[in-house]
Structure formats: structure tokens, C-alpha cells
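Several structures are given next for inspection.
Paired with chain B in one complex and with chain C in the other, chain A is shared by the two complexes that follow.
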Partner chain A sequence: MAFDMRVVWDCLPLLLGGVWLTVVVSLCALAVGALIGLVVCAGTMLGRGVVYRLCIAYVSLFRTLPETVLIFWLYYCIPLVLDHRPTAFHSAVIALAIPAAAYFAEIFRAGIESVPRGQVEAARAMGLSPVWVLWDVIAPQAIRTMIPPILGLSTIVIKNSALVSVIGVEELFYRATVYANQTFHYVEVLTSAAVLFFLLILPLSVLVQLRERRLLTRSR
Partner chain B sequence: MHAIRDAVGRLRAGLTVSFLLTSVVPTVLAAALFAWLASQVNWSFVSQLDFSVVYTYRVALLQGLFNTVLITSLSLLLGLCLGVSFACLLYVPFAPLRWLILAYVEVLRDIPLVIALFWIHFALPIATGISTSVFQSAIIAMALQSSAYLADVVRAGIQAVPKGQWDAADAVGLSRTSKWLDVILPQALKIIVPPLANVAIGYFKASSALALLSVGELMTVAARIAAFSFKPIETLTFVGLIYLALGYVLSGLTYRLERVVKTTPGG
Partner chain C sequence: MLGRSEKPVELAQGATHSIIACSGVRKSFGAIEVLKGVDLEVTRGEVVCIIGPSGGGKSTFLRTLNGLETADAGHIRVDTIELPGTHRDILQVRREVGMVFQSFNLFPHMTVRRNVALGPIRARGLSKAEANERAERLLARVHIFDQADKYPPQLSGGQQQRVAIARALAMEPKVLLFDEPTSALDPEMVQEVLEVMKELAHSGITMVVVTHEMGFAREVADRVVFMADGNIVYVAPPKEFFTNPGEPRLRSFLSKVL
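Now for the complex of A and B:
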């Protein structure tokens, strides 16, 4: 069977709309995840107490639980448990943000811990208050080491966003499967969707690899 | 009077700003969050949950779990064979082959598993005329995807084999086959045990995404039972716990495996 380019041109507008929704869902999930992750990270840095244990448990729980299970659970169980039905979009963002937050918390913690202890001690000895130590000494160094893992996490979130098609969010994968099922042009439509996902993720993936290589060569 | 003043003084000394910020404030905030969540929950519904549905469908759930383990292990085994081959082929002095493998790795790493799965199940039969069952499609998709990740992991392992080992193998006049099979690969595979185990756990988790094609692994079975019995909370919570338990067991095994590998003498 020949690859029919006309089918690709026909389905492209629909799929590009899906790309837009994929990007929006992923960005929202990353933003919410970063916020929750910041709080959880602060909790894990307390070192003791109930809140510390809760945050450690959060990270370990949502790093182990498969995303698909969480997506199904939130979509089917939240309306029953809370008497409140979130839209598919909200469910999707939350379902993607919760595990992302666990990874964010770990990335933030690793980034902060990668700043040598002597830097903090030196800044404190110079008389900087803790807030300024965090802002002027820890943050600039920590953020630099956090960028590659955060970009890597974004690629994972974009890839996982294909899973929320199962709860009816009309993102790229959902549109591709529905269009392909209706027209039977599986080869053309699914290939187009795969290429679009590839084009979406490739720049991030290349950037991660370049940054990692640069960090490696600089630390040598 | 003195006793009271002492007690107040001691209390004041203990209530420093840092104590307030690191202990009292987080605890109060966490308590407020949980209280708010608890106030939102429909408790009359939650108290009627009936977990016997899990026991009713125990055979189906066990079958699903068996399929999950079978699909994950088979596809990882295939993926590892492919990954090792690709990593070794990177050392063949023929640039186009190397570019081809690097492109393959990048493409498969940048495409979601479900896209690869649906492409193999629906598009491949049309393109090639060979039709696969959902089970076969799932194994092929996971094997291809994991082979890309594993090729990268194995390549890193090969690079980590000390240069002296390559030189020594050449110096004693080992054939190329013997150099790779007896010297380089055994050491490389030993180095990559920890990342290999992480990939394995990742694919155990990712296998739940196969439910989008109803492959018949644990998540598929769970979704079916949830829809059929109208008891989604009980079913999905229980299945989530199974995934968690197995995930933790696998992480624990990984940790022990790493220590065993580290303490084993010799290459």
C-alpha cells in the first residue's frame, strides 16, 4: 500500500490542533507540578517531623505508581469521592502534575544539595541573611544544574500526555486514533502523529544531551 | 513566682523563629490541608466501599498480573539483546551504520510508547501485510522502545570499560570476537546493572499504558472490572496497591543486586 500524502495534508490541521492541546496540557502540568514540587522539596529538606515524612512518602509513592493507574483513578474515583466532577482537562493536568511534582521535588533537592556546603558557610560568614544566601548564592548555582533534568522531565511529561487521551482530552494522540479509526488511513495518520511528537520532543532531547555534555566537560 | 518566670523564659527560648518556621508552621499548614480535603470527601459514600469485588475477580486479576510480568520480562529480554547488538554495532568503523543506529535510538526515545504501540498494531499490518495479535504488538513495541534506551545504557557501559582492558586484549592477540565477548561485554554489562534495573522498573510501570490497546495486562483487567462491576474505587485502588507493592519489591531487589555486583570480585 502506498503512502498517500494527500491524507497527511487532510489530517494535518486537525492534528496540529491536537499538538496545541498537548503543549497546553503539558505546560500546565509542568507549572502545577513545579509548584507542588517546590512545597514537597521544602518539606523533604526539613529533615525530621511529620511533614518531612509525608513529603518523603509523597515522592516515593508517586515515583512508583504508574501514570496510567493514576489517570484512571483520578478520572473515575474523584467524582465519586468528592461529589465534584472536574473536567477531563483538569483531571489530565492534575494526573500529569502529581507524579511530575515528585520528580520536581527530587530535582530541586539534588540541585540545592549540589551547591558545595562551603559556599553557604562562606556567605553566612560574610553576614548574608539566610534569604539572601538562598537567592544570591544557592539559587544561581542550583538552577544551572537543574536545567537538564527539568528539560528531561518535560520530555517525559509530553510523552505521558498521550495517555490522557484515555479520559477524552482531545490531544494529538486522541485525534490521531479517532481520525484513523474513521478513515482507516492508519499508516498515514499514525505516522504523522508520531512525526509530530518526534518534532515536539527532539529539540528538548537534543538540548538535554548538549547541556549534559557541557556540564560534564566543565566539571572535568 | 520565680518558677513561673523560669518556665516562661524556657518556653520563649525554645520558641525561636527557626523552630516556628521548620516545625510549627509546616505542621499547621499540612493539618489545614488535610482538614480541607477531609471536609470535601463524601464520607457516606466512602464508608460503603466494598472491597469483596477484588476477591470475586481474583482469577482475572492474577491472570492480568501474570500477563504484565510476562510482557515486561519478554520485551525487556528482547530489548536487551537488540540494545547490546546496537551498542556493539556502533563500534563498527562504518559511519552510515553508526548514524542509522543513532537516529533509531533518538527516534524511538522521542516517541510515546502508545504511539509506537498503535503504529505497530494498526499501521504495520497495512504497510507489510503481517498482522500481529495485541499481545505480540505490545511485546514488539516495548522491545523496540526499550532497545533504544538500553542501546544508550550499554554504550555508556562499554565506554566505561577502562582503556587498558582494550589494549591488553589487543596485546595478547585476542580475536575481535573474543575481545568483545570475553573482555569488553562482561565488564560493560556488570557496570550497567543499576541503570538496567531502573529501565526494567520503568517498563514495568509503563506496561500499564498497554491498557489503551486492551492488551490484557493488569491495568486492562482493572479497567474492565471497574466498568463491569461499577466499583471503580475498590478495583483501581487495589490494582494501584499491587503496582506499588511490586514496584517497591523491584526497587529493593535492585538495591540488593547493586550491592552484590559491587562486592563480587573480578570482571
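Now for the complex of A and C:
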């Protein structure tokens, strides 16, 4: 069969509109996920008793649950349980954010724990209050080690965002499948979608590799 | 410039009472009792060296003096502040007691100047300009002024430790604690750090130094403390301490290290 470039040009405007929604869904999911992750991380590091156990449970539960299950569950079960129907967009963002938060929590914890104990002791020994110890000494060093895994997580969230097409969010992959079904140009349209995903994620993964190399060569 | 004449009034006032007073300090880690009731007083301007075998509790004792470790029992007074105390007391003690660590613990993401200026800015309320000026003055004092814009990992161990000393001095502490300050250094860098410490000692700063440098203790200390098994076993001026110790455990320790 022939690969028809004209089909690619025809579907491109539609797909690019989808790229926009893919980016919006992913960024929202990452922002919400980072926020929840911060709370969960605080709970695992500072919490006691029930709070601590809940946060640990959150991390292990949502790292094991398939995103697809979560997406379907939120979209179809929430209306039955809560008597409230979230939009497909909201369901999508939350469904992607919840597991992302579990990873964020672990990334934050690992980043903070990677700061050597002596650093904190030196800051405390100077009489800095805990807020300054966190702001001046822990955060700047922790964030540096967090950047590569956060970029990595971002690529995963973007990839997972294709899953929310199943509940009708008109992001890149949804538009590609609908267009392909209507025109039967599966090869051209789905290949185009694949290339667009690749172009979207490529810069991030290159960045990850650069940062990781820099971290490795940085001597203490 | 270094010199005892810098703070004559303070020295005269403080000469009557100790700046550090500890009694019955105990500390356990799990089932192991590391400090078994330590008593020690340090006078203003005094240089006290603590020596003894590893695991004898020297570092732990030093760390109780600025609240990095909380004693399980006993009392510690630093100047006018009593420990155990409130959160605020502990911060206050740490601002009056500088500490120099074995592994330097400089902040690798800040310039050398910022390392030294940070404490005065955050804990003494100095402006950035005032703190930078103080930092540069102190870096000059430890003979490392030309490295102010570098980052700690770019410096040698000896240079890093001198920056750490400047950082501790920047808080204008009443007491300086040194936790084996030369133990992590390559041999050729030990002297440059000891030289700076000697200059400090002669300037009249109160110092408590945990060290394995017997030469330094002999030359600089006003009193030498021998600590073993969580207790202070023997205290004496260096001459008596090293030449004619009446304590058999100290004799056997010295025979191994000298």
C-alpha cells in the first residue's frame, strides 16, 4: 500500500489541536499530582500513626493500580457513588494526577533524603531556624536531584494521557482514532499521531539525559 | 588582626565564671550508653582539647554542647542559657557556639562567600552587604580571601576546612567547637588548618577541640581532657598530661598513639 502524504497534511490541523489538549491535560495532571505528592511526602516523612500509614498506603496503592482502571472508575463510578458527574476533562486530569502524585511523593522523599545529614547539621549548628534550613540548604540541593526523575515522570504522564481518549477527551490520540476510523487511512493518521507524541516527548527525554549526566559528573 | 586586646572588657568580666558548665551529662543510643555522666567546666578564653579512643563519647559530648544531640540527663549551661531548654534556647545556644565538623559540611551549592555570610544574614539579622563584608574579613583571616567566589567542591580539603572555620566565626560565637577538624584531611593539609586554629587560640577565643593531634593539644591547650568509655577519666594541663599522667588508662592510650 502507498503512504499518502496528503492525508497527513489533511489531518494535521485536527491532530495539532489535539496536541494542545494533550499538553493541557498533562500539565494539569502534573500540577495537581505534584501538589498531592507534596502532601503525601510530608505525611510519609513527618506524619505519625494513622497519617503516616495512610500516606504509605497511598503510595503503594496508586503505584500498582493501572491508569486505565482509574480513568474508567472515576468517570463511570463517581456519578454512581457521589451523585455528581465530573466532566471527562476533570476525570482525566484527576485520574492521571492520582498515580503521578504517588511517584511525586517518592521523588520528593528521595530528593530530600539525598541531602547529606552533615549539611542539615551544619545549618542547624549555625542556629538557623528550621524554615531557613529547609529553604537555604535542603531545598536547593534536593531539587537538583529531583529534576531528572520529575522530567522522566512528565514523559510518562504525557504518554499515559493517550489513555484518557477512552472516556472521550478529545486529545491527540482520540482525534487520531476518530479520524482514522472515519477515513480508513489508519497508517497515515496513526503514524502522524505517533510522530507528534515522539516530538512532544523527545525534548524532555533529551533533557533528562543531559541533567543526569551533569549530576553524575558533579563532584561533591 | 589577631590579639587578646580585641575584647578586654568581656574577658575581664567573664574571667570569674565559666562559659560552659556541664554536670552529669548522660546520653544513650539504643541500649548503648555513650555518655555516663560527664562533668566539665570551661573558662572564658580557655582552650580545652579532648582526646581519647574512638567510641569513647568525645564527639557525642561535643554535640550535646550545641544541642545537636539532646542529653538524656544532666545539665549544660552555655554562657547564661541552660540546656535542656526550649526550642528558642537551643537556637540561641547554637548562635553562641560555633562548630567545625570533621567533614567540613560546607554548602556545595553556594559560593564560599555565601557559605560564610549565610549565618549572619539568617540568624543575626545582618544585611547582605554587612554580612559579605564580614565574610570577606574572616576569609582573609583564614588566608583564603582569593577563593571567595569559588564553590566549595573546587577547593582542597584544607581550604574547605578553613572556610568552615570562617563560617563558624561569622556568627561571632562565644565558644568554638571542633570535632576532629583535621581527621578527614590529607596529611599535607593538616598543618594549614592547625596553624589557623593556633592563631584563633592565641586570639583569646574559647575553644573545645576533639582531636587526635597530640602535638596541637600539647602546644595550644590550656587543659587536656582524656575521655574513655563515656566518662572523663583525666584532666590536666598539657605538660602534666603528656609527661606524667597518673592514670594507667591514659598511659596505655598515649603509649599507643605517641
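Convention: the second predicted complex is superposed on the first by the 217 of 220 C-alpha atoms of A that agree within 3 Å, B and C clash if a C-alpha of one lies under 4 Å from a C-alpha of the other, contacts with A are read in each partner's own complex, and residues count from 1 in each chain.
Here, a residue touches a chain if its C-beta (ideal position, glycine included) is under 8 Å from a C-beta of that chain, and two chains touch if they have at least 3 such contacts.
What you see is a predicted model; the values in this text were computed from it and never measured.
Chemist: Looking at the superposed three-chain arrangement on chain A, would you call chain B and chain C a clash or a fit?
Modeler: fit
Chemist: According to the stated criteria, A:Ser154 is in contact with first (chain B), second (chain C), both, or neither; which is it?
Modeler: In the superposed model, A:Ser154 contacts neither chain B nor chain C.
Chemist: Is A:Ser192 contacted by the first partner chain B, the second partner chain C, both or neither?
Modeler: neither
Chemist: Specify the angle subtended at the CA centre of chain A by the CA centres of chain B and chain C, expressed in degrees to the nearest 10.
Modeler: 100
Chemist: Quick one: is A:Gln141 in contact with chain B, with chain C, with both, or with neither? Answer first, second, both or neither.
Modeler: Second partner only, chain C.
Chemist: In the overlaid three-chain picture, which partner chain does A:Ser91 touch, first (chain B) or second (chain C), both, or neither?
Modeler: It touches nothing on chain B or chain C.
Chemist: Looking at A:Ser26, would you say it contacts chain B, chain C, both, or neither? Reply first, second, both or neither.
Modeler: neither
Chemist: For A:Val166, is the partner it touches chain B (first), chain C (second), both, or none of the two (neither)?
Modeler: Touch status of A:Val166: first partner only.
Chemist: State whether A:Glu121 touches chain B only (first), chain C only (second), both chains, or neither.
Modeler: second
Chemist: If we overlay the two complexes on their shared chain A, which of chain B and chain C does A:Thr44 touch? Say first, second, both or neither.
Modeler: Neither chain B nor chain C is touched by A:Thr44.
Chemist: Give, as a whole number of angstrom, the minimum Cα separation of chain B and chain C in the superposed three-chain arrangement.
Modeler: In the combined three-chain model, chain B comes within 9 Å of chain C at the C-alpha level.
Chemist: Considering the complex alone, what residue numbers of chain A touch chain C?
Modeler: By the definition above, chain A touches chain C via 116, 118-119, 121-129, 132, 136-137, 140-141, 144, 218-220.
Chemist: List the residues on chain B that touch chain A in their complex, please.
Modeler: 22-23, 26-27, 29-30, 40-42, 45-46, 106-107, 109-116, 118-119, 122-123, 126-127, 205-209, 211-212, 219, 222-223, 226, 232-233, 236-237, 239-240, 243-244, 247-248, 251
Chemist: Going by the contact rule set out above, which residues of chain C touch chain A in the complex?
Modeler: Answer in residue numbers: 66, 68, 91-95, 97-99, 101, 103, 105-109, 118-119, 122-123, 153, 164, 167-168, 171.
Chemist: With touch defined as at the start, can you tell me which chain A residues reach chain B in the complex?
Modeler: Contact set of chain A toward chain B: 1, 42-43, 46, 49-51, 54, 61, 64-70, 72-73, 76-77, 80-84, 155, 158-160, 162-163, 165-166, 173, 176-177, 180, 186-187, 190-191, 193-194, 197-198, 201-202, 205.
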